[in-house]
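Common to both upcoming complexes is chain A, partnered first by chain B, then by chain C.
Right after this comes the complex of A and B.
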């Protein structure tokens, strides 16, 4: 006799799971916002004329991209309190996701910035705009458009990585699922269901990204 | 310059030298441009024409000599550079319109951000200059929706919106299909007729004959010869100039 499936536990727990989804989406949106800020600022510091600033940025990118996310979040959650900085799980999760995603975002956005012809900067400077204005008003939007698929792909990745934040008991879908599973022992039903929920959240975010793209990046190019 | 007496030149370059690393791109450049004067700058590829005009608004720095624009000594100070750039308009070979902004927004960006003009004033000015380059009906389109000639006329209007005292043109018609060259040259002729001070890097010798007060010939980073167009074309003094004119005029 094979195992029987009983999805009733999942239906009973659906409100909890949906709250978990909300937790995941919350972490994702906050993490993406932080990653975007770090990504854009990092492009500026990565190209700074001041060597220490530039080198610090490169070091940051190298460290984050060459160490495991789980170690990074443990470092924030368990190691920093030793230095007197104690963060709650949600804040830890957002910072970890934002910092990790930000390191990748810097390199992606930098690729976009470098793809913008030099003449755009020169035209801006010749009109009397300052370098910072040229970056913000002239370069940034076309640069983001150029790398938008890669950047949003990275942000989907960030969203899925949020499940690792269950390891510091951040409130999100995977930790909710773990709790239901340990109460009911219905592993297959629970993880099968949250697989579908993660898929749905990815699609939701992708449609959000598509909407942002239509709003901002639909100007014609040759 | 007898007729410039009593009035300081708008642009004054004195012993200007520029290097790219070990390569000397400009050697002992001396050039004065009076208010309202039109200069055509020509010479073989790599002779330093672009470098020379790009020094005037400090898109390129220079290592020796002095450049004074409308009384401001162009140094490395941000303040001097700002002051000069807000008086000097520039038009590029590749148009360099901002693709994510409409034609109108291309024209209002710098006046609003640099001159701190309010939107209504900036838009009124923009419409006036877009009308002047006969492209006002395209104001709400994006650059990619315009032809090359139209884009270049917008680029001219965009520069004019800052109400510059001098306009620099770096081969403004070289990237255009032949049938669009005339509309851009006509715009430039109109600008010249209105009294704008202009320095144009161009090989359009018809334009030079029609509007230039002086034609300057450069080779290997130096000014070799300068003369009024009649003299320049009919009786060039230097062998290098004659060779260059031979090549240029052959194609016409």
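Right after this comes the complex of A and C.
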């Protein structure tokens, strides 16, 4: 049998694949939200005056960043039920994505907080701004602007990483594709098509992030 | 009926580790050679070449590594090439690594002050000489921390070969885990082995970066 391509089965399955895309985006959004929460809390514990808290945070960051996501999700998949948490694969996947993304987010957000010179706060207060205004306009916004490219880049990485969640049968694009593949045996056609869908999703996210950046962060700094 | 995690199981994991290391080495070598071509193309004096390389990088950075492996694995088979699984997977990793290393090295080439290239040009050096003797040696220094950092991503990425069925460290862990029914212990050990491999590289990358930041301050 020579090399023949037949994309018709993939086109027939397109509605299923588009639902899979929604599953992937849902996983990504939930994972990003959890990663942000872990990221902000982690910045606080990372700078804690209590050494054990600080060291535990550093250990968490280093362990997560130096082991593969695949091993992390397998570990969680088996370890969470041991903690009495009987979760479905999709929730496990969200936790795994959030924990993984959170470890990276801590270091990124910490860099942004450190990039704001102390004098800036004092200058704001001296100009008669309310402390809440100082925090929102003089600390939070410039810090967000400084970390925005790294943070959104990490979010897109997280979205692409979510394809690995197919290995615990979470509901997302890759596992939908694997089901279609095992029904049709059109492996190349199926994976080639969903690679295109992933590319479209990451471009969509990138454009969205760029739009937010232009709306909020396009003011001169010097 | 579990027979526990003994020496035989640990040796099986080490056998998997051997393939993880081999796969990482092949992908890094192949990715290094093609990545250099991508970086040179991305900074080439011809707009068409620059755009083509930018497209190559965007596609590989905008799609999951797992999909790239699947497409390489099944695509090569569809072309009638009967390759062993590890060769097909190594080709996938090489293509991916060349895009990421190409982008890192593109940044490093652009970070070399323009005057260097212009001065060399004024001295009558042609493109090959300028790149080999003037720009690339400096770019290589600049790129060191990010390149070592990418090596960590690469080693972790080879775990995805497990999903295609290739028996490296992560797959070996799955097999042992299915045999002795102690997934938490087995994946803990597998994670620890990856950590021992990646953490020193992460520390080296951070130290190189600090050294470079101190040198340019």
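We take it that the second predicted complex is superposed on the first by the 199 of 222 C-alpha atoms of A that agree within 3 Å, B and C clash if a C-alpha of one lies under 4 Å from a C-alpha of the other, contacts with A are read in each partner's own complex, and residues count from 1 in each chain.
Quick note on the criterion: a residue touches a chain if its C-beta (ideal position, glycine included) is under 8 Å from a C-beta of that chain, and two chains touch if they have at least 3 such contacts.
Computed from a predicted model, the values in this text were never measured in an experiment.
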item: First (chain B), second (chain C), both or neither touched by A:142; value: first
item: Chain B versus chain C as contact partner of A:127, first or second or both or neither; value: first
item: First, second, both or neither for A:160, with chain B first and chain C second; value: second
item: Partner chain(s) touched by A:150 [first = chain B, second = chain C, both, neither]; value: neither
item: Partner with the higher number of touched chain A residues, chain C or chain B; value: C
item: First, second, both or neither for A:117, with chain B first and chain C second; value: first
item: First, second, both or neither for A:220, with chain B first and chain C second; value: first
item: Chain B versus chain C as contact partner of A:67, first or second or both or neither; value: second
item: Residues of chain A defined as touching chain B within the complex; value: 117, 119-120, 122-130, 133, 137-138, 141-142, 145, 219-222
item: Residues of chain C that touch chain A when the two form their complex; value: 59, 62-68, 70-71, 74-75, 77-80, 152, 156-157, 159-160, 162-163, 170, 173-174, 177, 183-184, 187-188, 190-191, 194-195, 198-199, 202
item: Interface residues, chain B side, partner chain A - complex; value: 57, 59, 82, 85-86, 88-90, 92, 94, 96-100, 109-110, 113-114, 142, 144-145, 155, 158-159, 162
item: Complex contacts: residues of chain A adjacent to chain C; value: 2-3, 5, 62-63, 65-72, 74-75, 77-79, 82, 156, 160-164, 166-167, 174, 187-188, 191-192, 194-195, 198-199, 202-203, 206
